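Heads up: the structure comes next, in structure tokens.
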Amino acid sequence: MIRRLFVLVLLIIIGYFLGTAMASIPFGAEKVDVGPYRSVGNYYVDNTVQETGGVNAVTSIVVLYRGFDTLGEVTVLFLAATGLAAILALTRERRKLKKEKPSLIMRVGTDYLFPAAIVLGSYVFLHGHLTPGGGFPGGVIIASGFLMLFLAQWRYKVDELGLKIIESLAGMTYVTIGLIGLFKLGTFLGNFLGKGTPGALLSAGIIPVIYIVIGIKVGSEMTGLLQNLRETTENE
Amino acid sequence: MNAVGLNITWIIFMPILVIIIGLFYLGAARKITARIQNRYGPPIYQNIIDVIKLFSKKNPTNHGVMFSLGPVMAFSGMLISLLFIPIGNKALLSFNGDIIVLLYLLVIAPLGMALGVGEGGNPMGTIGIARALTLMLGYEVVLVISIISVILYTGSASFMEIIKMQSGGVGHWFIWPLFLSALAMDMALQGMLGEKPFDQPVAPHEVASGPMVEFGGKYLGLLQLYHAIGIVVETGIFVNLFLGGGTLFWWFVKSFAVFFVALLINAVMPRFRIGQAFAFFWTYPAAIGLIGLILVAILK
Amino acid sequence: MVSPILLIAIPLFMAFSVPIWGLISKKLPKLVPFFTFAITTAILVSLLPTLFSGQQGFNLTSVTIAGIKPPYGINLTFGPASAFFALIIQLVALAASLYLFEYEPPEPAEKFYMLFILVVLGATGMVLTGDIFNMFVFLEITSISSYALTAINKTGHSAEAGFKYLLLGSLGSTLFLLGIALLYGSLRTLNMAQLSLYIHQGHLDPKVLMAVVVLFIVGLGVEAELLPLNGWVPDAYEAAPIPVVSILSGVVAKAGLYALARVLYTIIGIETGVLNLLLIFGILTLLSGELSALRQKDIRRLLAYSSIGQMGLIILALGGGNSPMAMVGGLFQAFNHAIAKGLMFLALGIMAAGFNKWDMESLAGVGKAKPYTTFLFTIGLLSTLGLPLFSGFWSKFLIIFGLVHSGQVVYAALALIGSVIEVVYFARLLGYLYGKDPSEELLNSTLESKKGFALLGMTFLAAFVILIGVYPDFITNFILGGTAELVYKSFYISSILGGI
Amino acid sequence: MMKLLYFIGCFSGGALLAFLLGSFSPLLKKFITFLAVILGAVLFATMGTSTYQLSLLFGNQVIFGIDTLTQFMVWMTLGIAFIVSLVLWSHSELSPTFFALFLLNVLGTVLIFMSRDIVSFFFSWELMSWTAFGMILSDGWEKKRSAAVKYFMWSAAGAYMVLIGFSILFAATSAIRFENIVMSVGRVSHGWLITAIAFLVAGFGVKAAMMPFHVWAPDAYSESPHPFTGFFSGILSKTGVYGIFIAFFYLAARLEAVPMLRVHGTSIFGYIMVWIGAITAFGASLIAVHQEYGKKLLAWSSVSQLGYIIFAFGIADSLGMTGALSHALAHALFKALLFTILAGVIMRTGTDHMASLGGLIKRMPLSFIFAVVGGLALAGIPMTIGFTSKWIIYEAGINGGYIFPTTLIFAASTAAFLYYYRFVYSIFLGPLHEEHQNVKEVPATYWISYILLAIPIFYFGLYPGKLVGIISTILQSYNLPALTTYTATSVTTPLGTFNGMVVGLGFGAALIVGLIVYFIGGRVRKAASQTDKYLAGEVVTNEFELHYSVDFYRFLERKLSWLLKISAQKFYEFIGELIRFVADINRKMFFCGNGQAYLYYMTIVLTILILSIWRIKP
Amino acid sequence: MSEAIKTFFSPSVLGPEIFYGSSVALFLIGLYMVLVKKNLVKIAIGLTFIESGVNLFLISIGYVWGKTAPILNKTLMMGTPSKEVVDPVPQALVLTAIVIGVAVTAMALSIVIVIHDKYGTLNISKIKELKW
């Protein structure tokens, strides 16, 4: 009890402190430039079309302006999948799968929903530079399709080797695109493709390419992650 | 040139004189002690006869080279010490070394004896040496305190300087201004001479004459000579430091007087245990000496 | 087209490609880390000459990504400080990857190699990046791969250690992210040079600034092994595989340290009084680490505590930043500690190879059973103690001189008390290693262990230790430049943003 | 410049070669070591008095210089090193590491004496410290561990105190060269200067085994490899003495001007050192008297002798300086001699437990003779260098008016006589033990080294003026008060005169007289057996233990038990316990193993930082 | 419809308190869980709470009253788009942060699985074999 009170006191102090610090950032106000340079947000919004050809500012930021972050992000996800697989590797063998069969609705529904999920996912990452969404949501949608498969058909198993190779190839492609930029334009992840017409499907240079790569990679990684967790957690 | 020549003569002659006088001291000591104890005692020349007898004695046991060399070293060490104290205004070699040199020359002789005793390998002898060394640790401190107070008082460590400052009659002797130091040194002298109550090293009833136990014949003779010189040297230090030296005759008189005091104490005192003796030196005489030293330091 | 970006791109590519190699041959993935780091080290070394040209004797280049100039795009800064830390990381990684040749990693091996490459990559990214959010991303790459590597042994202990590390690490990096959010909300930028400029010009509300300082110290302190945030350290060092431990102490901790220094020195600026915080944290970390090691029996834990102590010393030195000397000493010590501790852990791995007991009693007498390995271990140990002929001497010397020079005599004295404790337990350890006869079991283990390549890597590190110990000027230019880069932030700002 | 590099390269290259090649052939390691020392000496001889600069740290020039003092100390070092390398010919059992570390150790020691700036001084200092530690450890005797750890801890503590002292000076003057520090030392405030000197003297005092910091010395000396102990005790401790000299010479001069700090006509540091030195000499020799092991005995004796040197340095007038430097040489010589003899004894008999030895004079007469020689010097008998230096020290003490410390010093000297006799008697005299019947005399390398050490011992005893002359030159070159009243054979102080040659000739003559008297007497009979003794009628056989050597001075010990009970060791053990206690609490708290607790700590730190920062900036 | 939404999100209805306040609240709730709950899974959930709090804060600093999403159409491209849309950067950052959060959670859960396997418990106070 005393411990909890103590924790509460700590929390109140921390909360008050964070609150006061946060309160000095005005909420919802115009993002004016603070110093001699333009605020990066405003700069991106104003220049995205000219510089990248992408109309979705978030996407341009994610893939180009802060493309390096995204590379890291992909790596983190890759890491999570790898690490998970590495840690859970040995325990896998001893597990038995659930014996009870999934319900009919589940099985039948999945048959229809799985292709739809794949198509939707592909759509999302293909149109990442035009509409909200992008590689990550797209990949996750694809993975959710596989999740449904896992739930509906308990014997279903994705070929691990295939997943692994897809992952690897996608990752390597991403880096290779970056390196091509480096060798063609002298800058890593440089946009070496034409910008096209803003708003068209084939526009915004490498953004859609990268998003496709990311989509495939995220999809396969999330699938692998789910498969790993599934096989190890369904006890008895 | 003439003075130097004279000095060399004295250097050669003085040891012989001192040996004879020292042997007479020993004889006198036996006689006096006997009289105090109401005995008749041997004749006063008895020790001279003893030494001659010892040297002519055949086949004393020899335990090794160091055993033979030890008494020789003891004798020679005492001989060289002798030359570093002025005797009867004769400086001898003491221009070439001061009191501290003498103090360390004095160590050669016991060291030689101790090594000889060691090779003898008799445990009683070694115990005697251990006792002697312990005793030495006791009285050396007192001795040094007294000597330092004299040096502080005079500002010199040279015997001749010190004797010169005391010239001009009994009133100038340092025993008056440095009475406490003199007292302390006299107590130390009792230990140096090995007289009771400080004769633990040789205590015949306990360790069978201690260091001397294995020595016989000419070894014992050498040690007798060593002892004879030693008495003169040790009392001579006191005479030179506190009693103003004097001519040859008066020097020996003073020296004997100092020895006589020691004899009187010897004759009436029982023996301390060695630990008690050591502790005694580090308490009363040391305290007296220190008080004297502090007085000198303050008054100076 | 050699560019610092390759230091990140190539390992990333190689990490992704490990499964492909695995398809060709089962043995190939074992070689991938070494070749990766050999290439990156070569690239780094080939970049050094350009680093030390120009009038000041060194320059700081900003490498843009996707062609967007800073402050609008993410940029890498390749200056002396970044390159210095990158060099530390590459050297340790290279030696550790050589060790991997002889090391049978826990299954699945491919994943292990991938994670191994990625943790080094993350750390390299952390030290090279010029964008604070990017630093966060790389911090996460580093720490997530460290969690995985810590737990990869799949024993209870390793999982426990991994979870502790994860708890502290993820909370810490979340706090770091919160700090970044506060900074972004106030200043609308993420570029470190611009942040530094704005803070310097007083655009930041002091309340936010203080909040950011607190959040950054606590957030980055986990990786930098600051006192109460370092509970994971001994556990992780004990439970993780040995090459990983050398990476944790030589690479991850150094990257955390760099991040802390970069954030506090360049972005926040030392005029705000953060140095006092560093001093206090440093001395507490140092004393706590050394005291904990005093009666430790398990050598891995002992080295872990010693590592904490050394990190404390470095932090302490950074706290004496009023005097560039302490700062120089601190960076130098970071180098020495990374090399020496990496060396010690790798050597310890060989010493206990085929034996797998890590307490002093079991390893007693190993100096006779495995003389060369123990000799290398001893070199690392003596360097850690700061003894002459080994590189650690110079850094400790500089740190103490610098601390006193900046007026912190008491801290210097306390640090030296810590060093005396260090001497005690290391001397005791040496006594165990050399002073006894090896047990049967230990002697038998020598027959089985193979170690050629691993010893090569360690010899390489040991050569560095002795070379720099004998002639420190091999590296001092680097350190002076690094110090200048960290301390004189106007230089940093103008190099990134152009003359202002 | 190049010569210095050759010199350094000679030793370090020798070390490297000995280490690498030593494992192939034992001959090679010995030969390389021997050669390196000789080559080093030759190189040093060609260097003369000069200054060398090396670019070391950040392009800073560190300076190595050779002046008269350096030459004095370095020749001493190289001389003893030569002796050790000679003796090592008989020690193939030592590992190549030992030989390599030995060369590095010699190099470090020599560089200490040569260095003229903070950086190189501290570098050499630490080099010397850790190589000695390595050597203690290198031949792998398990018992040595605690001694080695203790030594290493103390020497690190000492080195760090030195480091703090230096760094304070550096911070105050911004100079690393000694000469520049001296020039700017006037700018340093008194408080800092006193702090710096206190740290320096304490730090050097550790190496010189000054009394509260001496606890490592007996263990380390007695546990170090036997052939090396002479160097360890004779030379390595002198680096501390040298350091104290440097500290006083460079810095204390500035403090002389402060009246508050002057006691008894000298600076308060000097006064404190006189007392510390006297107490060290006295206390250590009393402890030495009660040792049962030869190396321990000599080790405590070393501590005691170093007390003399510190005492003399504290006096800091012409006599004191002369006495200190000459006793430094004297101690190096006779302690090297005694330790080497003991090493020979241990090599032949395998023990230094004095009660187990005895009567070795019959089997090892040469060793005995030189043990006596070394003992004469140790006890300060005239005609040996030991007396020359001790005599000057006494004169200095009395002349300076330090009456009580001088008394203690005298008592220490008498005690030296006690323990020395015990040493010689227990090992060489008395009955020979059964198991040592077949012990052989030491090999030639040993007795050659005895002779080489005995020559200067007697030379400087008979020609004290030569020694004083050398030292006066040194002191004059440092503008310090020097003793000028000396001829080749005699030295005169304000108090008195000592003529070594006269004493020597006189004693020689007396010895001849004594021998004549001896040979006048009758023939002697050789003792039939060891039991052919007067034992009060007891019939003894060889089974009887006739060796009086255990608890030699029992009666003394009983009386002094109250004094011997005062032990710095116990105090340090208490401190150690305290540190261990704190360490355990710290360990169990911060590394308690509960992940949630770590999160707690994190939150608490966050809170503490928040609260503290709010206080800083409201 | 859009008017209604605009009114709802106007300063008069929802102040900054609701966004900042709820992010702080999420943060504190997460911290409380982490500090008080003994179950490893709950602690992991607490970590995600903390992350969510930070993410919410991050996204809310980019918001501007009454502005639209940063996807440009023809009309927006004509004028100065930065006057018309919210700050896109926090959205990009949050995207990254979320993925990272997912990764951390996945790691945490996988380690929890191993711990449960080896120790047979999820009580954090009982998982301390490594200590001192």
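Letters A, B, C, D and E name the chains as they come in the text, with residue numbers starting at 1 for each one.
In the analysis below, contacts are C-beta pairs under 8 Å (C-beta built on N, C-alpha and C of every residue); 3 or more make two chains touch, one makes a residue touch a chain.
None of these values were measured; they are calculated from a predicted model.
Touching chain D and chain E together: A, C. Note on connectivity: the fewest chain-to-chain touch steps from chain A to chain B number 2. Centroid distances from chain B, each centroid being the mean of CA atoms, peak for A.
Note on interfaces A-C and A-D: more C-beta pairs are in contact across A-C.
Between the Cα centres of chain C and chain D there is a gap of 42 Å. Note on chain placement: the centre of chain C and the centre of chain E lie 30 Å apart, centres being C-alpha means. Taking the mean of the C-alpha atoms as each chain's centre, chain B and chain D sit 36 Å apart.
Chain centres here are Cα averages; for chain A and chain E they lie 15 Å apart. In chain C, the positions touching at least two other chains are 133, 137, 140, 144, 147-148, 151, 154, 159-160, 162-164, 167, 171, 178, 185, 188, 190, 210, 214, 234-235, 292. Among all residues of chain E, those that touch two or more other chains are 27, 31, 34-35, 43, 57, 61, 87, 89-90, 93, 96, 100, 103-104, 107, 110-111, 114, 127-132. For chain A, the set of residues touching two or more other chains reads 7, 10, 14, 17-18, 22, 25, 31, 39-44, 66, 69, 72-73, 76, 79-80, 83-84, 87, 91.
Screening every pair of chains for touch gives A-C, A-D, A-E, B-D, C-D, C-E, D-E. Every residue of chain E that touches chain C in the complex is listed here, in rising order: 27, 34, 40, 43, 47, 50-51, 54, 57-58, 61, 87, 89-90, 93, 96-97, 100, 103-104, 107-108, 110-112, 114-115, 118-119, 127-132.
Chain E makes touch with chain D in their complex at residues 31, 34-35, 38, 43, 124-125, 127-132. Residues of chain D that touch chain B in their complex: 359, 361-362, 365, 368, 372, 376, 379-382, 387, 390-391, 394-395, 398, 401, 403, 406-407, 410-411, 414-415, 417-418, 421-422, 424-425, 428-431, 490, 494-499, 502-503, 506-507, 510-511, 513-515, 517-518, 520-527, 530, 532-536, 546-548, 552-553, 555-556, 558-559.
The residues of chain E lying in touch with chain A in their complex are 11, 15-16, 19-21, 23-25, 27-28, 31-32, 35-36, 57, 60-65, 69-73, 77, 80-82, 85, 87-93, 95-96, 99-100, 102-104, 106-107, 109-111, 113-114, 117. Residue ranges of chain A in contact with chain C, taken from their complex: 17-18, 20-22, 24-25, 31, 33-44, 51, 64-69, 71-73, 75-76, 78-80, 82-87, 89-91, 164-165, 167-169, 171-172, 174-176, 178-179, 181-183, 185-191.
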